[in-house]
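You will see two complexes here that share chain A, one where it goes with chain B and one where it goes with chain C.
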Partner chain A sequence: MTVETRQGIGGGHFAGLLLAPVRWAMNLIDRPMSFVQRRFGLGGVAAAFLAPNMLVFGIFVLFPMTLNVAYSFTGGGALFLNNRVFVGTLQYETLLACRDFLDAASCREDRFWRAVGNTGFFVVVQVTALVLVSLATALVLNREMRARGFWRAVFFFPVLLSPVVVALIWKWILQRNGLLNAALLELGFEPVLWLVNRGWAMFWAIFLSIWAHLGFYTLILLAGLQAIPRDLYEAAEMDGAPRWRVLTRITLPLLWPNMVVVILLALIRAVQVFDEVFVLTGGGPGTATLFLVQYIYETGLAQQVRNLGLASAASILMAVVLIVLTLIQLLASAWRERKEQR
Partner chain B sequence: MSHLELKNVSKSFGPVGVLHHVDIEVKDREFVVFVGPSGCGKSTLLRIIAGLEKATSGDVVLDGEVVNHLAAADRGLAMVFQSYALYPHMSVRQNLSFGLENTKTPRDKIEARVTEIARMLRIEELLERKPRQLSGGQRQRVAIGRAMVRRPGVFLLDEPLSNLDAELRVTMRAELAALHKRLDATMIYVTHDQTEAMTLADRIVVLRDGRVEQIGTPLELYNRPANRFVAGFIGAPHMNFLEGRFAGGEAGAARIELDGGHMLSLHIPARPKGEPITIGVRPHHIETQGGQARIPATVTLVEALGPETIIHAEAEGQPRIVAALAGQRGITSGDTVSLALDERFLHAFDADGRRVAEGEVAEEM
Partner chain C sequence: MLRKTTLVAALAAAASFSAVAYAQDPVELRFMWYSDGNEGDVMADLLSRFEEENPDIKVVLDNVAYTVIRDQLPVQLEAGQGPDLARVTTLKDLAPHWLDLRHLVEDPSYWEENFGNYLDWMRPQDSDMIPGYMTQLTVTGPFVNRTLFEQAGVELPGEDATWDEWAEAVKKVAEDQDIPIPLAMDRSGHRFTGPAISMGAGFIGEDGMPAVIDDGFKAMAERIARWHEDGTMSPEIWGSVSGTTYRGANEEFANAEVVMYYSGSWQIGQFAETIGDAFDWAAVPNPCGPAACTGLPGGAGVVGIKYTEHPEEVARLMDWLASEPVLKEFYEHTLFLPGHAGLTKAGLDYQSDNPNVKESLDTFVGAVGNLAPLANRMPAWEWANVTYFAIIGRLGQVVAGELSLEDAYSRIEDDIAQQIEEAQR
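Showing the complex of A and B:
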């Protein structure tokens, strides 16, 4: 295998110069590559190329995950696994010890169940709102309008910000003497303790996470909308379809594959919610905005007595929920696809 | 009854004018074809009629009523799109019934209508299939069916055959012609294919750069093209254009000297000596035997099609000349032939491309 470059008309010489180092490097690895291919076959070469990534994945993802499972069956305050006591399913039993699953106070690990309840509420409301708002935003941004590129950038901009920065900006707006209360005072209203009131704190946690991630999901839906041929809308127009019917009978069914991606990603991300809400409310007031990941973090790492076993067990339970959610989503999608092909 | 008029219709996209003062009348039950090269504005014109595009100025008049302000669905028209625009997630049945559902037609009437259309178009067995499970021709039929189901006053067809292969196109062309007869409906058909235009149309509208070049029956356009553009666009293979100059003659019988030195006599008024003129001659009006004006030429390409032989030849002072000779000839590339132009069917165009002496060219029988 010897690399040759084609010299185009005009600029070909310049391109040739630019490509010279590439050509040189390719020719340099030509002999060893040919040797490896002969020695180990094409499959062997593919495995060799994948190996570095698999190694990184193995060390930083697969190994900690396995370790986490092992930790969840241990107890005590020791950090290293070999110094820890094997306790079997005790940590799981502790987490699941409830007289009434609908009443967190009746559970031995009530903070875990409060976090589960909060996360469940957050997931349902945030994902629903996020998907609907993203859809509405994408539909608006997909229309012919002035400065469409600018508006798209505006909605995408928060995605580029660090979650901590986003949370700090909103904390500055929402705190007792923040921008929002200053505006309310200016308008003659009483200031509201946005982050102290339990209901408002949850509202702003949901609002903040929607604001921060809206652009990303809007982008996915916008790409889906743009892939729908304009002809179909014109055909619907000729068919006399009212706008609502065009949305429900043409746009949404054709956007469904993108919706599945959006719902799936939003679900996973909502279950994992932590950083921005932690910075904004710290999980408070009380446990009003305490979510699962914060519970795991505090139980395993931030408390004076670290309970790594309990934290690991909680994270395994969370992973199981995520896997189940993902499977349901994928199965629903596959079922729909099969139904369409019939 | 559906009678359509376009009155002084113009359309601009920003500073770019795409249609300029178009006046066309389409009579009830007529099959009119808009034909022209890409970018001539024919599809835009169709979209303006459909109500999918608004004219910058001028009126669309349907059965005596100006419909500029009416939405597409309220004009009583139906359109078959170039891409068919079938709803991919709906079955053929749902595609056909969608338009009727929008008008809240009772379910039993929708069923009856869909069944009737499906039977007429021979797509009954396809009703439960999705568009992606259909062949190009079947999709075409479904698209036509969707247009038919609402019983429109006028059918608008935007290059409906352009996505089909050559063989299927010929079949579908014949089916469309038969359908027009059976439905007795007004149809406006857009194409860039002059063969489709010639075979389907009652009348053809030739468009170029947003202007109507000529309106007429296929044979009017073929026999008496109004200008060089129409002459070159209508007819296959394309008309040959030979450059020359007036070289004297009498009233009603001009002498023309073609570039290369060959002389022709034409029944057109003589003009001052030396004034340039273009002579148009269709490939089917050139022979290698007989005739008066004989132009020696070298054959560069021979296309033996069986029933006819098409030769491409080069003559002194002239661009490539194409001749369509009846039957099979023993001509090969490199041969020298003597091209005889049938003077009864010559067309003359002045320096601006306008036809000279309308009515002097014989009708081909």
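Showing the complex of A and C:
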């Protein structure tokens, strides 16, 4: 394997000089790489390149996950696995002990099921709204307009903020003496306890998470929009295709791979929702905005007797749901691609 | 011979140099600390004086948020790690991790004599170890905004006034003065327990295990629910968050949005700073129920951690910090109630010219003497925190309209049973 550089038009010797050290380094490793390739085949080389990453993944993701599974079969207040008591599937049985799965109050771990219900509602509404608003924002920001860079930065800015900062900002806005109520009072309305009313608390939890993450998903969609060849739009314009048809027949189908990424990431992020909402509402009022991760955190870490077994079992169940959702999403995407190819 | 002598001399010189270097290298103690008010500054000042007197010990005061002490320290301790000393409020539950100072301090009898009333709060069950001392004794009790009472022309209920009389009075004041929160209580099972004992709640069964739901408990729980329904209490405090999350109303009280705030003596220093002379405020005696007029004692203590590599140095520091003149200075500057028998008897000259502070401290010192025997037992009861956590989580759901009181009672019992089962497994 010898690296050669091709000089483009006017590429000149300067680029060649810049690339010389790279070429030298690549030539240097050529012999050992050729040997490894001959000895272990292409797959072996690929495995060697992947090994460091897999090692990090193994230590920091796979090992804790395995540990989590092990914890979910134990009980007691001890921290270390070897000091804990094996209880079999007891923690799962506790979580799943329900007379009626549609009525959280009939479950032994009612807070878990309330958290499941809240998370399910949050995921459906937040992901749908987030994807639609991100798409609309990306479509607007993709158009020729004044100060386009500035507007893109405006929408992306909240992504740069810490979730705690985002939540505190909105808490100041929404509390009884906050900015929103001050504005309402100025307009002659009565102040509203936004975070004490169950419906409003959920609304603001969803609103806040959309506001905080919109920029990130918009950016992904914007990249997808810019990759769509301009000549398709020009052809549609020449044919006199209406805007709606252009959107549904050109933009959306070609944007679909990016949409899949956005939906998948938004879905996973929504199931994992915790930090912003925890700071904003603390899971309240009552358990109105109690989500799964907060339930796991409180059960495993904030109780007087830390129930790590139950918390681990809940997190395993959550992981199973996430895996199923991801698989459904990927299968749907693959099915769509096959259909288009036909 | 000369070479041999030179070698010996060189070795001796090297040894003495290293000994000097070793002697000059102070032992470092890590002291995990949190602050509600100015106590961190007071402690830092005291520690710098300790270091001057003890140049062989360097103390690093790690000022952390209270949540770090509450959530992270227990995990560190469970792993056999942690600082050398810490200021904690979870005195009993973590007691197996404390360093026994009995054979390390200079005079164990001084510790028994002055801290004996509170040592059981921080000892493992049936132990006689000396784990530390109280940086503050706290008592739960109410603060009132006296200016609002005066402006409304409503007389402050007297010393023996009941909870119902207080509720009626604060509601009158709030209506007259257009105040959004007539009565606020910290969202904490600990705060609920004193009033519940006043109503006749028993909490501890004959076997020492929880026996929480009784008529006294129900009497207070029903009041909490009713007061939230009729507007005496605002759902902003108990109903706005979930689970065991703590929520206080100190900001609302300081902003004159609360007529009566049920919290505790630890707020005095903070109110002295945040309210100043904006309005007249004071602690008032605990309202009464049919059984008592009691608050609940508690507090924070400094303990040595048994995983320290320097137990002797920890004990020296503890001896110094717990000595009468040092503690006197600490309590007087932090405006904390003393957890030291000698100082309680001798009295303290609190460093504040704010009359509200003086009056409030007097009220809380008086409240210590009025504590019901059961209230005094609670801090040393091993299932106290489990009970407090279950109470607040479930009554919070009642306030938010998710559970009926009857459901909450059975859930509280289930939660406590589950936690005990898990702890005993």
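As a working rule, the second predicted complex is superposed on the first by the 287 of 342 C-alpha atoms of A that agree within 3 Å, B and C clash if a C-alpha of one lies under 4 Å from a C-alpha of the other, contacts with A are read in each partner's own complex, and residues count from 1 in each chain.
In this text, contacts are C-beta pairs under 8 Å (C-beta built on N, C-alpha and C of every residue); 3 or more make two chains touch, one makes a residue touch a chain.
Given the structure is predicted, the values throughout are model-derived calculations rather than measurements.
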| query | Clash or fit: chain B and chain C on chain A? | reply | fit
| query | First (chain B), second (chain C), both or neither: which does A:Q304 touch? | reply | second
| chain B versus chain C as contact partner of A:E237, first or second or both or neither | first
| task | Name the contact category of A:P253: first (chain B only), second (chain C only), both, or neither. | result | first
| Looking at the overlay, what does A:P229 touch: chain B (first), chain C (second), both, or neither? | first
| task | Using the touch definition from the top, say if A:N177 reaches chain B (first), chain C (second), both or neither. | result | second
| message | Once the two complexes are aligned on chain A, which partner has more residues of chain A within touching range, chain B or chain C? | response | C
| request: Once the structures are superposed on A, label A:G188 by its partner contacts, choosing first (chain B), second (chain C), both or neither. | output: neither
| request: Look at A:T281 in the shared chain and tell me whether it touches chain B only, chain C only, both, or neither; answer first, second, both or neither. | output: second
| query | Between chain B and chain C, what is the shortest CA distance in the superposition, whole Å? | reply | 50
| query | Following superposition on chain A, which residues of chain A contact chain B and also contact chain C? | reply | none
| request: State the interface residues of chain C toward chain A in the complex, per the touch definition above. | output: 71, 74-75, 78-79, 93, 180, 234-236, 239-245, 247, 255, 385-386, 388-389, 393, 396-397, 399-403, 407, 411, 414, 418-420, 422-423, 425
| chain A-touching residues of chain B, taken from the complex the two chains share | 50-52, 71-74, 77-79, 81-83, 85-90, 98-99, 102-103, 130, 146, 150
| query | Hey, which residues of chain A end up touching chain C in the complex? | reply | 75-80, 85, 87, 105, 108, 110-111, 114, 176-177, 193, 195-196, 198, 281-290, 294, 298, 301-307, 309
| said: Which residues of chain A touch chain B once you look at their complex with the stated criterion? | reply: 229, 231-232, 234-242, 245, 249-250, 253-254, 340-341
